[in-house]
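The same chain A turns up in both complexes below, where it pairs with chain B and then with chain C.
What follows is the complex of A and B.
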C-alpha cells in the first residue's frame, strides 16, 4: 500500500463530501443538547429529511424546496420531541427512540404512497458542484476543497458561525445556560421553555437538511434505511467534539475518511476479508470514543426536564 | 359484603375468560380448503424497483396464469420468516414462496413440520436432501455474468473492468469468477477488480465503492446491487472519464442513458408460475434452474457498436442452449 493511496485527491474529496451530512447533523444535535435536551432520534430525523426532501424535490424539480421541506418536516418532529420532553417532562430517551422508529417508517410509507411499485426507481438530478474560481484551480487541494456542492461550504461555514454565536453572543450564553443551570438562568430572566423549544426545532431542522444531503448530493434517489446509521455517528460526534462546534469537524472527517478508504483498501488487500474493512470506521469510532469520553463534560442539565415550580 | 363483591368479580372474570374456550369447544371443525393458495414472503419492500418488486410482479403472473389465490408479505426479516409462514399456513395457504436465498434454513425447518404444505425457495446451488414438499429454484446468475464479462472485456479501453456486489454470497462469488473467465478469453491481460460493499441496498456504500473502482482505472462496471445500484449510477455519472455499466434485475438504462450498456433481466414469473403449475398437478418437489432462457433474459443494448451487440446476443443464445457452459465456482474467488 503506497502513501499516495492515503492522500489521493479523489479520496480526500469524497471524504470531505461524506463528512458533511455527519457534521451538519452533529451541529444540529449540538444546539439541541447545549440547551439541555437529549435527542436520540437523529437517525429517524435524517431519514424523514431524506424521504420528504426527495419527494418534494422530485415533484417540484427544485432542490431549494426539497431542502425547505426536509427542514420543515423534521422541525415538526423536533417540536414533538420538545412537547414531550419539555412541556410534559417525559423521559427524553424514550421519546427519542420512539421518534427514531417513527422516522424510519414514515418516509417509507410516503414513498410507497407517492410511487408504489415501479420498474424504474424515481431519480432527481443531483445538486451540482460549485467550483470556486481560482481556488479550485490550486494544484492538488483546489479540487479537494473548492470544488464541492454549495451545501458543503455552508456546513463548514456554519461551524465558526455557530461557535461565535454560542460563545460570543448574549443569546448564545442564554442557550448554554439553559443546558448548564436552567434555574440560575431562569432567575436572570431567561425563558427556559421558549429557549429549549427554539433549540429543539432549529436543531431538528438542521438535522433534516443533513438527511436530505444524501439523496440530493450522493445517491439521487431514496431507499429504505438510506441514512445507514449516520445519525448515530452524528450523535457520537457531539460527544467526540465535547459539545464544541469546531471539535466535531475532526470526528466527521475522520469517520468519512476511513469509510471512503475502506473500499480502496479492499481493492488491493485481497487476502483480507472485505467484511473486516467494512467494520473499520466503526472500530475507529469506538476506539476514539473510549479515549475522548473520559474527558468529555456534558452540559450539566442535559436530559433534566425543567420545572419552574419545583423546589431546589 | 366486601367478600361477596370480590367473589362476584372473580366469577365475572372467569366467565369472560372461559367464553372463548367454550366457543372453541362447541364449534365444528373448519373444513380445510383443497384449492391451491399461494403466499409470497419477501425480504424487502415492493417499492424497491428491483428484486422485491419483481417478486410482486411475478406473483401477479402466478395468480393470472395458474388461477390461484395469492397473498404477500414484504420487509420480512429472516428471523420473522418462519412466524409469517406459519400464519399463512394457519390461514390455509398451502404454497409458500420464500423470495430470496436467505430463507433456506426457514424452509427446511418448516417443510418437515408441514408435510401437506409445499414450499418454494431459492438458492445459489442445489440444496442437498430436498424434502418431498420443497421446490428449489437454483439461481444460475453466473451464466448471465459470463455474458456480461465478455461484453465488458470487449468494451473496456483501460483494460480494467469492475464487478460490484453487496453481500458475498456463493452465487455472487460465482458471478465474479465467470466474469473473470469470460474476460480472460477475450483478453488475458484484462484485470477484473471486484468489491463487496456488505449491503445490496445501500446506495451510499455503492457510490463509494464504485468511486474507488473508478479511481483505480475501471471503465466498465458490472453492477450486481439491488437498491444500491443508484449509487453506482451516480459514481459513473460523476466521473470525469467515460465509465460504462451493466446491471441486473430490471432495465434501468433511462436513469443513466449514456452509461448503461445492457441489463440482465429477471422474469420471476417464469419459474414461479411453472413451479406452482407443477404443484397444482401434484408434483410437490423438484429443481428449477433459473438461467438464461429460463427466466433470465437480456434487455435491449445501448451505447455499444453493432458488432459487439451482435456478439453479445450470439453468446447469450449459446448460453441459453448450453453451447457455452461457464465454470461454476461458488467456493472461492478467482484470486484466492
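What follows is the complex of A and C.
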C-alpha cells in the first residue's frame, strides 16, 4: 500500500465532510453537559433528526425546511429529557437510554408510515457543496478545505463562537456555573432550572441538525440504523475534548478519517472480507478512548439533579 | 429490651393498601401508554380497538400464540436479567445484543465442531448452551476488563462492540458458514441432536423459558445469598464505602460485566438451537438488548419484578409482530411502543415519588 493513498485529497475531503456530523453533535452535547445534564440519547436524537429531516426534505424538496424540522423535532426530545431529568429529577442515564431507544424506533416507524414498503428507496437531492472563490483553487488543500457544503463551514465556525460564548460572556459563565456548582450559582441569582432547560433544548436542536447531515449530505436516503454509532462516538468526543469545543476537532477528524479510509481499503483489498474494515472505526474508537479516560475530568455537577429545597 | 419489641409487625391492611396502590399506579401507567401508542396505530391506518384485541388474541388466543409468547419471553427475560445484574453491580451493560450474537457464534461454532462426535443429545445441548454462556461472558469481559483496568466507560465499549458483533455475524453467515441453498445471511444448521426440545408439543415453544426461569432464581440467589453477590451489590450501591470495607472493586466490576454478558450469551445460544433450527442468522436479535434495558429499568433491576415485566413486554412484542402482518404496522413500531410504555411508566412513578399524585396517598 502506498503512502499517497493515505493523503489523497479526495480522501481528506471526505474525512473533513464526515467529521462534521460528529463535531456538530459533540458541540450540542457539550452545551448540555456543561450545564450539568448528561444526555446519552444522542444517538437516538441524531436518528430522529435524520428521519424527520429526511421526510420533510423529501416532501417539501427544501433543505432549509428539512434542517428546521430536524432541529425542532429533536429540540422536543431535548425538552422531554429536561422534563424528566430537571423537573422530575430522574436518573438521567436511565431516561437517556429510554429516549435513545425511542429515537431508534420513531424515525423508522414514521418512514414506514409515510412510504409503506418500497422497492426503490426514496431519495432527496444532496445538499450541494459550496466552493469558496479563490481559496478553493489553492492546489491540494483548496478542494479539501474550501469545496464543502455550507453546513461544514458553519459547524467549524460554531467552534470559536461557542468557545467565546462559554468562556468570554456572562451568559456562558452562568451556563458553566450550572454544571460546576449550581448551589453557588443559585445564590448569585442564576436560574438553574431555566438555564438547564435552555441548554438541553438548544443542544438537542444542534444534535438534530447533526443527524440531518447524514441523509442530506452523505446518503440521500434514509435507512434503519442510519447513524451507525456516530452519536455514541460524538458523546465520547466531548470527553475526548475535555469539555472544550476546540479540543474535540482533532478527535472528530481522526474518527472521520478512519471511517473514510475503510471505504477505500475495502475497494483496494478485495480479498479481505469487507466486514473487517467496517469494524475498524469502532475498534479504533475503543482504543483511543482507553487513552482518553485516563485523564478525563467531567463538570463537577454532571448528572446531579438540582433541588432548590434540598439542604446542600 | 428484648429483640421482639424492635421488630414492628406490618399490619395486613397496610400491605394490602400498598399492593392496591401499586396496582392503581401501574394500571394508570399502562392505560396512558396504550392511549399514546394508539396514535401510532391510527397513523399506520389501523383500527385501534381491533389492533389491541389482535395484540392479545395473537399472544394468548391460541396455543401457537402462547408458545410464541413464551419464546419471546425467554430472550427478553434473560437480556433484562443481564442488564439488571450489571445495574446492581454498578455497571450499565448496553451490549446485550452484541453478547447475544457472540454467544450464538460460540454455540454454532461448537455445534459444527461436535458434528461427528458421538455424544448423547442432552449433553450436546448442554455443551452448546454452555458455549453461548462462555462466549457472551468473554465478549462482555473485554468491556469489563477495560472498565476495571483503564476506567473506560462500559456503556461506550459495549455499544461499540454491538456494531463489531454484527459484522462478525455478517461475515460468518455470508462467508465461511454460509448455507448456499438457504440464501443470504444464514449459516448451515448444526446437528439436529443439538436442537432444543419443545416445551409444550405443537406450540412451537421450546425449553428455553425454563432455563431463563432457572436463571432468575440463580441471579436472585447470587445477589442475596452469596458473598460474591453481596460484594457486587456493595460496589453498585457505594463503591467508595465498599473499597474501604475491603471489597476489590475492579474484580467485582469485571465479574459483574462478564457474568452479565454470559447470561446474554446464553440467550443467543437458546435462540440458535431453540428458534432458528440450529442456524446462526443476521437479525438473530430484533433489538432484544434495547428492550432488555427498558425492562430492567421498569423492573428496578430486581430479578423477581423483571420476571413479570418481561412477560408483559413479550405479549406486546408478539402482538406487534402480528400487527405487522395484519395492518403492516412497521417492525420498528415494537421499539417505539415499548419505549413509550417505559417513558410513561417512569413518568407516573416519578410523579408519585414526588407526591404529585395526591389521590394515591403517601408513598410508603
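The working rule: the second predicted complex is superposed on the first by the 301 of 312 C-alpha atoms of A that agree within 3 Å, B and C clash if a C-alpha of one lies under 4 Å from a C-alpha of the other, contacts with A are read in each partner's own complex, and residues count from 1 in each chain.
Definition applied: a residue touches a chain if its C-beta (ideal position, glycine included) is under 8 Å from a C-beta of that chain, and two chains touch if they have at least 3 such contacts.
Everything quoted here is computed from the prediction, not taken from an experiment.
When both complexes are superposed on chain A, chain B and chain C end up clashing with one another. Residue contacts after overlaying the shared chain place A:228 against chain B and chain C alike.
Of the two partner chains, chain C is the only one touched by A:98; chain B is not.
In the superposition on chain A, contact of A:108 is made with both chain B and chain C. Of the two partner chains placed around the shared chain by superposition, chain B and chain C are both touched by A:116. Applying the stated contact rule after C-alpha superposition, one finds that A:214 touches chain B and leaves chain C untouched. Residue contacts after overlaying the shared chain place A:278 against chain B and chain C alike. Within the superposed three-chain model, A:236 lies in touch with chain C and out of touch with chain B [touch as defined at top].
Touch criterion not met for A:74: it reaches neither chain B nor chain C. Using the contact criterion defined above for the overlaid structures, shared-chain residue A:247 touches neither chain B nor chain C, since it reaches no partner. Shared contact residues of chain A with chain B and chain C: 108, 111-112, 116-117, 224, 228, 275, 278. Residues of chain A that touch chain B in their complex: 8, 10-11, 14, 18, 108, 111-112, 115-121, 123, 126, 214, 218-221, 223-226, 228, 259-260, 263-264, 266-267, 270-271, 274-275, 278.
Chain contact summary for the complex, chain C toward chain A: residues 40, 43-44, 92, 94, 146, 150-153, 155-157, 159-161, 163-164, 167-168, 170-171, 175, 287, 290-291, 293-294, 297, 328, 330-340, 342-343, 346-347, 350-351, 354.
Those residues of chain B that touch chain A in the complex are listed here as 44-50, 53, 56-57, 75, 168, 193, 195-199, 201-205, 207-209, 211-213, 215-216, 227-228, 230-231, 233-234, 237-238, 250-252, 254-255, 333, 335-336. Interface of chain A with chain C (complex): residues 40, 43, 80, 84, 88-90, 93-95, 97-99, 101-102, 104-106, 108-109, 111-113, 116-117, 224, 228-229, 232, 235-236, 273, 275-276, 278-279, 282-283, 285-286, 289-290, 293-294.
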